[in-house]
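Read through the structures below before going on.
Heads up, the next two complexes both have chain A, just with different partners, chain B and then chain C.
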Partner chain A sequence: MGFCVTSMQLNALFQTWQSNYYIYAPRIFSGGGRFSDTDCIRYGKIDCVDEIVFDKKSEYSFKEILTPVSQTLFFFTEGETKEADAPKKGAVIFLRSCDLHALKRLDDMYLHNGPADYYYQRLRENIKIVLMGCTHSFENCFCVSMGTNVSASYDMSIDCQPDGTYLVDCRDEAWGQQLEAAGASQMAVVPSHVEENSVTVQIPENLTAEVAKSSMWKEYDSRCINCGRCNFVCPTCTCFTMQDLFYSENGKAGERRRVWASCMVDGFTDVAGGGSYRKKNGERMRFKVLHKVLDYRQRNGYHMCVGCGRCDDVCPEYISFSGCINKLQNAMTEVTEQ
Partner chain B sequence: MIKNDYIPFPSRILEVIRHTEIEYTFRMEFHGTVRPGQFFEVSIPKYGEAPISVSGIGENFVDLTIRRVGKVTNEVFERYVGDTLLLRGPYGNGFDVSDYRGRDIIVMAGGTGLSPVRGVVDYFSEHPEQRGHMTLIAGFKTPHDILFRDDLNRWEKNMDVILTVDCAEEDVACHVGLVTQYIPQIQLGDVRNTVAVVVGPPAMMRFSVQGLLGIGLPEANIWISQERKMCCGLGKCGHCKIGDTYVCLDGPVFNYTKGKFLAD
Partner chain C sequence: MDINTKALKKNAFRVTKERGMTASRIRVPGGHLDAKYLGEIQKIAETYGNGTVHITSRQGFEIPGIPFEKMPEVNVALQSLIDGLDINQDEAGHGYPASGTRNITACVGNRVCPYACYDTTAFAQRIEKAVFPNDLHFKIALTGCPNDCAKVRMHDFGIMGMTVPQFEADRCVSCGACVKACKKKSVEALTPVNFRPRRDARRCIGCGECVLACPNAAWTRSDKKYYRLTLLGRTGKKNPRLGEDFIKWVDEDSIIRIILNTYDYVKEYIDPNAPGGKEHIGYIVDRTGFEEFKRWALRDVTLPDIAEVMTPLYWKGVKY
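Let's look at the complex of A and B:
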């Protein structure tokens, strides 16, 4: 059911959501940018539609809603463990098409790669999705090449109109009825999506792990500073490390939590006794890139990377992930001719 | 609601067997099925969790042979009989002894690599009728690092045991030299009917497999076991991923036809 709605009508809908859901959308964190006096756009709780940033890309993805940066799993006391409580409400999450595709990747990692993850599932079971239309491509986006520019599975879509009204395609029956009752004008709505990006990538058909032997990775030994930002902004990176935290000096009460980990950062592969793998940054870049465009597909049948381009936006060394993908063809030629 | 796999259960230490200064076997209370080569996530609140492979399986217990080399394992050594450790698991595929039944068997183990295969060697030591000729080549750094001495003596009675140390300052009762040096001494029958299990540090495994291929063993007859950092054991944390493989889910035991493609 499509509607043209005013912000007042939407805010009334938001208010009914609030009794069962937190609403998460990209919003401005004033002064929260990476440089002084700059803002950061990332996911946070919102109360009304005016808070949502439609005209810019969120610098971080939505993933922290489902896989928090630091998530308490359980509490220890002497001889006992107590599972951490689930959030009191579900979540309505505003996602662009690329991020909605990323959600499928999170699902496959947390629910289908090995046994289903308890903590992910209990959050996942109670979310609703609002698809944010994209009227134009942002810098570094390459969703069209990755086939993630269109999404069909959502509870509602939203497009911001120049006159301040919103076009929504409502699939949730109760929400639709409410908008109808509020007098929103009905019309056919198709969420907008981009059909071309200025950045395109081509993943070679013949790509294999042999490409690890190419000299192309050497460049990243010196360029990459293994800060791991690319992993943290990526909507599909899911790695974590366990951490024990204690409240008192005697160490008898505390919690175990999992925190985001990065395959680019030192320590990711360290085993007791001093062993570690992939010491060079170029090797780590290769590991990450091949996970996104090779290994994951071998395991799940489709590519992990969704082409949001956030890794390119955030890299302090101006390393381009899409640029790296486009080097793979020559690299394959290099290793097959050897 | 699905099961919460992250919450560990307390397990009592039934016995502590001392092998070397830094390697003890902790016999832990456990009721359930386990295979050799599988592992548990062992934890102590405040110090964290570490994956430890099963070195022995018995009625209502599992043995965990632990080397004192990290934050968690250092703390484990402060625990005594009657104390508890927290466990999750068992995880991983483990060894399937039916892969080796009725065949000549070669086991090559380096250092603590003997722990995960100990169950396999034990099984075929107790059931010699289920196998052909068996050779165990066990290598350690120095005579002070030798693990499972009693087992080695016991196994010697019905299989060829070649015990070697990389270096020794004094005269020792065992061989001195790398495990690969003793591959030519293996009493070899039909290579097509000979299987090998190789477990140890990465370099030891690489050269041992090369040696075994060199004497004619087919790739499909060789199994290896990998060791990686693992924070979950459930295919989620990503630390043990190699290519499209998760060591915790798909391994840690790999047939070499698959294992040869595992390049970090």
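Let's look at the complex of A and C:
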């Protein structure tokens, strides 16, 4: 059911959501950027539609709602443990098509890859998806190449109109009835999407792990500073590490939490006994890139990377992930001709 | 030739080596200007001067080789620069009304530099509006962060940008980047405790390296901007010395109030026989004692709660 709705009608709908859901959307964190007098656009709780940023890409993805940066799993003291509480409400999440495709990847990793992950599942069970239309491609986006530019499975879509109204395609019956009752004008709505990006990538059909032997990775040894930003902003990076900590005031009590980890950051490959693998940044880059466009596909049948381009947006050293992908063809030639 | 050298100096001209020739000194508060004014400067240099321009050590311009008799015409030609750079003036067409309080210098600041904690140019311009014109010999400099690229400790008032880092523990990924940056590039105010950084507020100098290093926006900057105010650094023949810390975590309004109060203090205590009516403030403070200076400087100043005032202050430097 399609509607043209005013912000007032939407905000009334938001208000009814609030009893059962937190509403998460990309919004401005004023002064929250790294540099002084800069903002950060990332996911946060919102109360009304005006808070949502439609005209820019969020620096970080929606994934922190379902896989929190730092997630306490349970508390322990002496002989007992207590599971950490789940959030009191579900989540309505506003996201774009690339991120909705990323959600499928999170689901496949956490739910359909052996036994379901309990902590992911309990968050995942209670979410609603609002697809934000893309009227144009942002810098560094390459969703078309990755086939993630169109999405069909959502509870509602939303497109911000120049006149301040919104076009929504409402699949959720109750929400649709509510908008109808509020007097929103009905019309056919198809969420906007982009058909081309200025950035395109070509993943070689003949790509194999042999490409690891290419010399192409060496340049990243010195260019990359292993900060991990590319992983943290990526909607499909899900690696975490475990931390068992004992509260400093009382060493008999503590908690276990899982915390985001990055394959680019020091310590990721440390093992018992002092071993450490992929010491060079080029090796880490190679591992990350090939996971996104090679071995994930071998396991799941489709690529992990969704082409949101956030890794390119955030890299302080201006390393381009899409640029790296486009070097793979020559690298394959290099290693096969040897 | 009958020229009042006192009057021309006050008018921001100079008595030069070459008899009959002067140089015009152009104020550029904060050292930042629209490029179009470079064309104006060029025009003056080529019309009235010897066709060269000196970029001064205080980020202004000095146009040499101007015959004294051309000063009135130069003053008229300077008007677009004076208006464009928003310099306080008594009477249009008569050039700069004072030269004692020197051009206020600043590093490039957060309009360009990632390290800067504030817009140095804007604050320099705000101070300029508050203190100029003034005949007293004051030197004020601003720098965006504790790297102090503007070398503000060489000035009477040195202003260094600071931020109070804010930590959102739930966004921390325990990567250690902040701890490493603070240790290697700053003052080692962060130590890891239970996988997360703990900040020693007493050590922290507010440089923002932790914010810059954090890959996940766990560290962010404070809403309010703060500064370190250093006092009474100077160059010169008798006792060049670096400015000493006066207040850590001071705010903009207080800095302006303190500078204005210092003008009152200097008027009260300056050596009446000082050559050219010019005496570095530091020598005056050496005479009155720091506590007397502080009493004047902090009059009607309401400092932020976190401000730390250092007292007493002692200066070092080379004594000849």
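Just so it is clear, the second predicted complex is superposed on the first by the 335 of 338 C-alpha atoms of A that agree within 3 Å, B and C clash if a C-alpha of one lies under 4 Å from a C-alpha of the other, contacts with A are read in each partner's own complex, and residues count from 1 in each chain.
Here, a contact is a pair of C-beta atoms (placed from the backbone, for glycine too) under 8 Å apart; a residue touches a chain by one contact, two chains touch by 3 or more.
Here the structure is a predicted model, which means the values were calculated and not measured.
When the two structures are aligned on the shared chain, A:227 is found in touch with chain C, with no touch to chain B.
Once chain A of one complex is fitted onto chain A of the other, the partner contacts of A:68 are limited to chain C, with no touch recorded for chain B. In the superposition on chain A, A:34 makes contact with chain C only, while chain B stays out of contact range.
Applying the stated contact rule after C-alpha superposition, one finds that A:318 touches neither chain B nor chain C. After overlaying the two complexes on the shared chain, residue contacts for A:42 are found with chain C alone; chain B is out of touch.
With both structures placed on the common chain, the touch criterion links A:263 to chain B but leaves chain C unconnected.
In the overlay built on the shared chain, the residue A:248 is in contact with chain C alone; chain B does not reach it.
Measured by the number of chain A residues touched, the leading partner among chain B and chain C is B. Looking at chain A, you'll find residues 241, 243, 246, 261 touch chain B in one structure and chain C in the other. Of all residues in chain A, only 29, 31-32, 34-37, 40, 42, 59-60, 68-70, 227-229, 232, 241, 243, 245-248, 259-262, 265-267 touch chain C in the complex they form. The touching residues of chain C, when paired with chain A in their complex, are 110, 114, 116-119, 161, 163, 169-177, 193-195, 208, 211-218, 220-221, 223, 225. Considering their complex, residues 1-8, 10, 43, 45-50, 67, 69-73, 84, 201-202, 227-229, 231-232, 234-239, 241, 243-244, 246, 248-249, 261, 263-264 of chain B touch chain A.
Considering their complex, residues 73-74, 76, 79, 81, 83, 109-110, 113-119, 121-122, 209, 212, 238-244, 246, 251, 254, 256, 258, 261, 263, 268-275, 277-278, 283, 287, 290-291, 294-296, 298-299 of chain A touch chain B.
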